[in-house]
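Labels run A, B, C and D following the written order; every chain starts at residue 1.
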Amino acid sequence: MHSFFAAIPHHGPEYFGKLIIGLLIVLAILGLLHAAPKQSRRAIIAVFTFLGGLFYFLEFFLPVDPKTNKNFLTGQQEFVAQLSAVIGAYAIGLGVVSLGQYHAKIISRKREGWGNSVVLVIAALIMFTFSILNEYHAKTVLFTDPFQHHTQDIHGVFLVLFEGGLAKLDAATFALIAFFIASASYRAFRIRSVESSLLMIAALIVMLASTTIGTALTNWLPTEGPQANFRIEHISEWLLTRLNSPAQRGIVFGLEVGALATSLRLWLSLERGAYFDAEV
Amino acid sequence: MNQFSYLFNPITLFGAVCTLAIFSLIFKENRIYRVFEHMFIGLAVGYDVATTWTQVLKPQWWDPMVVDGQWAWIMTVPVGLMFYGIYTKKFAWMSRLLYGIFFGLTATTIFQDFCQGFMPQVVKSYKPLVPPPAVPNDPWASLHAFSFVVNNLLFMIILTCVLIYFFFAFEQKSKFVQITAKTGRLILMGAFGAIFGSTIMTRMALLIDRVYFLLHDWLRWVH
Amino acid sequence: MEHASDNWYVGALSILLALLIVAVIMFAQHRRPPTIRKIAGLNAVDEAVGRATEMGRPVLMVPGLDGLAISTLQALSIFSHIGRNVAKFGNRSIVATNDPLVTGIAEETIRDAYAESGRPELFDTNDIRYLSSQQFAFATGVAGILIRDNVAASFLFGGFYAESLIFAEVGNQVGAVQVAGTTQVTQIPFLIAACDYVIIGDEFYAASAYLSRNPTLLGSLVAQDYCKLILMIIVWLGCIGVSILAAHPGDHPTGWLHFVDKAVKLFKPG
Amino acid sequence: MTTSEKGSVWARMQRVDRRVIYVLLLLSIIIPMLLPQVEFPILPSQQSKDFYTGIENVAEKTPAKIVIVDGFWASGTRGEQQWQTQAIFTHLMKRHLKFAMLSFDTQNKTLMPAIADKLAPQFGYEYGRDYINFGYRPNSVFQQTVKGMVNDIPGTIKKDARAQPIASYPIMNGIKDSKDVGAVIDITPVSSVGVWIGLFQGASQTPLFYAPTAVMAPEGYPYLDSGQISGILTGVKGAGDYEQLLKTKSFGTQATSALSFVYALIILLVIVGNIGYFIERSNTRKVNA
């Protein structure tokens, strides 16, 4: 694989010739696949899915050389990761098309809130431009700042967009959760049923244990001996380690087995549901 | 220069306006929030697309192909274009072919995950029900031994109850199974409550940090 | 443990469980489907879809933030079932994604679901919306959809993180019926607090079988139970083993205690 | 809903408008911040006290050794962890302990040293003599770095954040391997403490201190029990505790005070909601009977 990808001088006719040949080879293969009878398409997809999965399967299970701790596929992992990163990156267009199409439609039909869509598109274009420029021409001076009387370079503008805009919007949205946690706990912590009461009691104990008022409640208990177990911080610790961890582990057992089964169904094309049953 | 010029430092000023606009959502979705929401998505997507080029395609595809002369990278282009088959009826199946390879690659990493990430948790669940020898001069030796056994037994029981709760196809007819499954669900609720309680501080700290940003970094009311 | 050869027993166990799953699936395709226990959250799915249609408001589905991962694909498999029902009722399905790769499959999945229900004309590409790959930009976008599209039923399935509560609380505020399930255990409490129905743990992986009653998927579900049973037995045997060793401290170069010692260490990573 | 039902106090107690909750929440954070005299008393937890006395012990028993502080935190958990870091550095500087910073996060490499640089003049700390910045290592080489430092610190770290060989600084005189490390302090939002325990502490018995976010703290409890960790400083409350123990006051105290108000508010709301629910339910039962 590596020799195939080997570097060659990249200005001669050989380079351009190989570029064209490479393109043609892939297009020919794809053309052949496309020309295959329609009823065999499902089988073709299944074969490719299986082959794709075979890589990591064999890499993991083939015996390794004890000296290097590698088998013949281990060295290829980096290449496969790079290849899937590159091909996966081409898909960015699917996202851009989806978003662009939606907002273009709103703008062109002047639907309610079309101004917002304009903001979105402009923000995206500006951010894209300055992110790229910041990478390759960070120090280029753009203008003299009228307020602070010093020159503003591309990196400075990028910082306003990134630190002032994107990072702050991100942090503010993250902080919204604090508000929502307050309203959600007010609503959910009711002694409606055994289940909701248990949820509430455990949450309140753990909360109380991390406050001064909470710990003050049981401060009169000794710090040693059997009674110490009833200090609220110890109850909280007990809930988090002795109750929570086996319960979480039980869930993880189920999730792992579920993921194993789903993975196998995908790999062996046994998965069912609209996408997998549809005519191709 | 005005003594309040710090209020107009572009990064903090813009940041503060953004913060306030986002926070306004909690009272009511409003026009200003809407503008900033769209701006946020715009900035994020612009940044995403740029980093796709600067972090992935440029260093991993363009540079190897054009600068280092690894010509074969050109072959990834038609393959990548297969994704766009979904926009046509004729070539839609080609996108499925490419997706299929990705499914395969994603699927079989589960074996390593199972052996490396998951099995250690199984092994760690072997809890001894016999206490270790007592530490010399421990006045509470029997208490410690007792709590060791009780806690480990509890671990095994909780794990079993939760696992039985998650049996789907085995008939839950027997009383024993029904009771353990029910217990499992109740224990899960207690565990979830504990997670909830322990997360609150971290989330509140984020809000406190944002308020500090507004009052200290921007307004400078707090020192 | 980077390779199976670091501890062949662990590798062999994973293969054994995998073969068991495949065998039970094969077997189930030719037999009467097994009965499975009730999962309350999933019974609510159809009800929520029906209610949304009555109100003339759309349905929102979010397949999590894991990108092209097993959890996302499982979520889409659940959504294909929900999408079919939504189409039957003649309602709209909005899917919000945070990964361009997922956008592509989501579009195909929902398109197919509408086609299967005989209503391909109702499918609108604009309802499959890529928002952003960044966690919180995506969260504000989803909040925007919940509010402005006036969503009546919201389904959150897949890998969710801190942002889950933003979806769930905003959904609650607009009065949407919410059904959620996630592979991220630490987010389940917040979903329980804010959603109407939550499926817990690997009920998530049982959901597609439960909703579709497809023999292959049901077979897989039975196999999953066997696997869990095997793991449970391993853990109990291990527990007995380490208890025996704790009762007999010291080294055990030979004899039956030596055997116990070996057995307990069988699955220790290499 | 009938008017009488809507009007009943009990019903209203169950349906406090979320906006009211949000305003109260904001106030309970802003007021203690603007008016530092409004504060909840802080009672340091046992784990915080263990942390404090642990560092005191290091200062008394092994004052010549260096303390390694590693940081994984970034802007996401800054709200909790910059105050922990500040409180810990203040303590180290008060007790004139030499320390080295080591970041495993790209943002942390600027955030953590900035705190040390800000505090240094107050305590007459000088870079290279009293403290040093080992710089940034990618998360992917965390284990190798920790493992390498057990036997050879200058050889593993080589150069500091200013690209000078660390051996050229006076602070590194006589500091060769893990035996010359007085303590390791792990300030982190991820599960990194297990690696320190397994690879570093296991080899050298160096006291290990853990400063996690509140969510991650339970991961440390079993290690505290077994004595492998000498103290846990949990989240922003931990920072407040620590400032209390140090008898200094900074934002950690205010934030902890704000946090106590927030908790009190949430608990109060839950109680109000439940009283309303409970009484209304028993009223309806009477009517039905």
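Just so it is clear, a residue touches a chain if its C-beta (ideal position, glycine included) is under 8 Å from a C-beta of that chain, and two chains touch if they have at least 3 such contacts.
Treat the numbers as computed from the prediction; the structure is a model and nothing was measured.
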item: Any chain that touches chain B and chain A; value: C, D
item: Top-ranked pair of chains - ranking by C-beta pairs in contact; value: A-B
item: Chain of greatest Cα-centre distance to chain D; value: C
item: Chain centroid nearest the full-protein CA centroid; value: B
item: Centroid spacing, where centroids are CA-atom means, of chain A and chain C in whole angstrom; value: 16
item: Chain C and chain D: spacing of chain centres that average the CA atoms, whole Å; value: 34
item: Interchain centroid distance [CA atoms averaged], chain A/chain D, Å; value: 27
item: Residue numbers of chain C (touch at least two other chains); value: 2, 4, 11, 14, 18, 68, 70, 73, 101, 104-105, 107-108, 131, 133-134, 136-137, 140, 148, 162, 185-186, 189-190, 192-193, 200-202, 206, 221, 224, 228, 231-232
item: Sites on chain B at which at least two other chains make contact; value: 22, 25-26, 34, 37-38, 40-41, 43-45, 47-48, 83, 86, 92, 96, 102-103, 106-107, 110-112, 114-115, 122, 125, 156, 159, 163, 166, 188-189, 192-193, 195-196, 198-201, 203-204, 206-207, 209-210
item: Per-residue overlap in chain A, given as positions that touch at least 2 other chains; value: 60-61, 88, 91-96, 99, 113, 167, 169-171, 173-174, 176-179, 181, 183, 185, 187, 189, 199-200, 203-204, 207, 210, 240, 244-245, 248, 250-254, 259-260, 263-264, 266
item: Pairwise chain contacts, counting only pairs that touch as defined; value: A-B, A-C, A-D, B-C, B-D
item: Sites on chain D touched by chain B in the complex; value: 18-19, 22, 25-26, 29-30, 33-34, 77-80, 213-215, 217-218, 234-237, 251, 254-255, 258-259, 262-263, 266
item: Interface residues, chain A side, partner chain C - complex; value: 59-64, 69, 71, 74, 88, 91-96, 98-99, 101-102, 105, 113, 169-170, 173-174, 176-177, 180-181, 183-185, 187-189, 199, 203, 248, 250-255, 257-266, 268, 270-278
item: In the complex, chain B residues that touch chain A; value: 5, 8, 10-16, 18-19, 22-23, 25-26, 34-54, 56-57, 60-61, 64, 66-84, 86-87, 91-94, 96-98, 100-115, 118, 121-122, 125, 140, 143, 147, 151, 154-156, 158-159, 161-163, 165-166, 184-201, 203-204, 206-207, 209-210, 213
item: Contact footprint of chain B on chain C as seen in their complex; value: 1-2, 4, 7, 10-11, 13-14, 18, 34-37, 39, 68-70, 73, 101, 104-105, 107-108, 131-134, 136-138, 140-141, 143-144, 147-148, 162, 185-186, 188-190, 192-193, 200-203, 206, 210, 218, 221-222, 224-225, 228-229, 231-232, 234-236, 238-239, 241-247, 249, 264, 267-269
item: Chain B residues within the chain D interface of the complex; value: 26-27, 198-202, 204-212, 215, 221-222
